[in-house]
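One chain, chain A, links the two complexes that follow: it is found with chain B in the first and with chain C in the second.
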Partner chain A sequence: MAEEATGGLQIHPMDQFIVKPLFGGDAIHWYTPTNVTLWMAISVLCVVLLLVIGTRGRAIVPSRMQSVAELAYGFVYKMVEDVAGKDGLKYFPYIMTLFIFIVFANFLGLIPTAFTTTSHIAVTATMALAVFFGVTILGFVKHGAGFLRLFWIDQAPLVLRPILAIIEIISYFVRPVSHSIRLAGNMMAGHAVIKVFAGFAGVLGVGAVFPLAAITAVYALETLVAFIQAYVFAILTCVYLRDALHPHH
Partner chain B sequence: MEGDIVQMGAYIGAGLACTGMGGAAVGVGHVVGNYISGALRNPSAAASQTATMFIGIAFAEALGIFSFLVALLLMFAV
Partner chain C sequence: MASETHTAEGAAHAADAAAHGGEAVGMPQLDFSTFPNQIFWLVVTLVVIYFVLSRIALPRIGAVLAERQGTIANDIATAEELKLQAQEAERAYEKALADARAEAQRIVAETKAEIKADLDAATAKADAEIAAKQAEAEAQIAEIRAGAMESVTEVAKQTALDVVAAMGFRADASSVNAAVDAKLKG
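Here is the complex of A and B:
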């Protein structure tokens, strides 16, 4: 605190997450173009570039772009098939959309001075709530009241079943919370760590090599985390989908 | 040294909430360690269980993230 007043150590790790309007003024309405909407648009543009423009040739021997797109498609397809089962493949486009958007938002956020849209809980909670409501409605449409058997575990002893039912119901409703905060928290924490080390580098002079080495290491880790968190988000969506399609454990 | 005691309590609580990270670290390490020990015993079955490992990591990690959330709430919302 005292050092900050004298202008020595100045670290503002959370400043990078401030939402700013692009064109003047400070007021943010629902229609204001901000840096969040800009970077979201850029990630959507990148998705279109990779998946629509990149595969336009439809070559038998794929070009570089097309083989990356095919790799991503096959990866997500196999994941949905393995985790959600054969009848989950009907919902593959939704999971592919989520995965590819999150991957691009995470990786674009790693560019210095870029804005990480997925570091905002408002963004991830929208996606997580869409999954939560979608899956719940799907479960009730497919199974009617039988969907509630998800909470009534037949394999457990009868005495334990009501207690387990309460635990299951609580864990079911915590799902959107953990689903969204996992992604946002990981992104926000990683980027804040990088900024904190950058703050150390600013005051150490020649000793700044150590924080810079640490930043390099953390950045490498963040590159891994950016992919893994998108993967985890998609795979948990598949798990929730499987629960909705087969509530009988 | 000035400020009010409520803010001090919030900051101390935010610091204490970070101990939850240790629990998540133990959980994630346990999941991955057991996965690797299983994978070394039966490498042919390892590839099919990678997705399960990531789901396990995600669940173990979620509770650590909750402690992070508590810290954030104490810092900015209380």
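Here is the complex of A and C:
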């Protein structure tokens, strides 16, 4: 970005987000194995390691890995049950898939030199749009035209209802935008900030302790954000799912 | 050290970016040419994770949790039952203890009564014996006293007779005796 122009200070905070083919070459076709492929594969590997290998003992008294897997399961299960209701539990595997993928993608992205797949709007928007179309179709399938009552707020005075309906419809269509940009933006910003501080550390010599301390602090914050953003993404999905299942406020 | 690798990587990226036609100039996130690639691999990833979760991981973890729940519920029920049994055993123990105590008390009372009866009988017997002995002794004493009285009368009569004789009178023994008797009675 702008920093690139300032002579000796070589900071390329956005370079870490470049999608590159894994095995050389320039062209990125839809099927080309890229660093996206690599880090998504690693996250799949981690999911399998935690949730399949970790639980293979099926122990009544769980091992550490199994404990973590059960914790993740219970955490998402309870979230779906609390937010979307009992009938939302049918969709628990989908929400668990999204949550566990985002968690691992976020945390793997925190490894230095790693590629953060969830920092790309293409990835988060695909997931957000999948959720958006999924719950919208589900709402119409479950309630038919009655799903539109979601936008018609019965509790409000009659004169206000059309205005509220317009606002509700706009906010409904903004959902996938906020849903996706929130995650990608958080991931990108944190990583870029770390990279900027790292660039400072490179030219400051002994004074590098200050940017290094800042990197440490930002990294700690990013660790928190990595989890919270996955949680937020999953819980918003649950909220949208609840609206689709129970559109009558 | 991290910064060095970062800058080295940055340089590599820059070279790479140059090869790609200046990608790193803007936000790589907005390079739409990479979108199909990312979306394709994302869909593959999500489908794989979904099948791994829905076919293997989630049913397994759910089963383990349910089993644990069942085991815990079972254990609690068993514990409850054992507690009841323990309470019952304690009650039985208390009852046995109370029974034993009552039995002991009964035996003590019985024995005490027996001993008392024996003692009473012995006391009565001893009392009777003592009374008999006392009566006997009293009779003896009375006899001795009577004997002594007689001896005193005898001695008094003899002495009176001797005194009269010594004074030079002749006295009839029977009148002296009568006088002494009268004197003794008086």
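Here is the rule we use: the second predicted complex is superposed on the first by the 242 of 249 C-alpha atoms of A that agree within 3 Å, B and C clash if a C-alpha of one lies under 4 Å from a C-alpha of the other, contacts with A are read in each partner's own complex, and residues count from 1 in each chain.
Methods note: a residue touches a chain if its C-beta (ideal position, glycine included) is under 8 Å from a C-beta of that chain, and two chains touch if they have at least 3 such contacts.
On a predicted model such as this, the values are computed, not experimentally measured, just so you know.
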item	value
Partner, of chain C and chain B, that touches more residues belonging to chain A	C
Touching partner for A:146 - first (chain B), second (chain C), both, neither	neither
First (chain B), second (chain C), both or neither touched by A:51	second
Partner chain(s) touched by A:235 [first = chain B, second = chain C, both, neither]	first
Contacts of A:207 with chain B and chain C, given as first, second, both or neither	neither
Which superposed partner A:162 touches (first chain B, second chain C, both, neither)	neither
First, second, both or neither for A:181, with chain B first and chain C second	first
Overlap of chain C and chain B interfaces on chain A (superposed complexes)	none
Interface residues, chain C side, partner chain A - complex	2-7, 9-11, 13-14, 16-17, 19-20, 23-31, 33-46, 48-50, 52-54, 56-58, 60-65, 67-68, 71
Complex contact set, residues of chain A against chain C	4, 10-12, 14-20, 26, 28-32, 34, 36-37, 40-41, 43-44, 47-48, 51-52, 55, 58-60, 62, 66, 69-70, 73-74, 92-94, 96-98, 100-101, 112-113, 117, 119-123, 126-127, 184, 188, 195, 198-199, 201-202, 208, 215
Complex interface listing, chain A residues touching chain B	79, 82-83, 178, 181-182, 185-186, 189, 228, 231-232, 235-236, 239
Footprint of chain A on chain B - complex, ascending	48, 51, 54-55, 57-58, 61-62, 65-66, 68-69
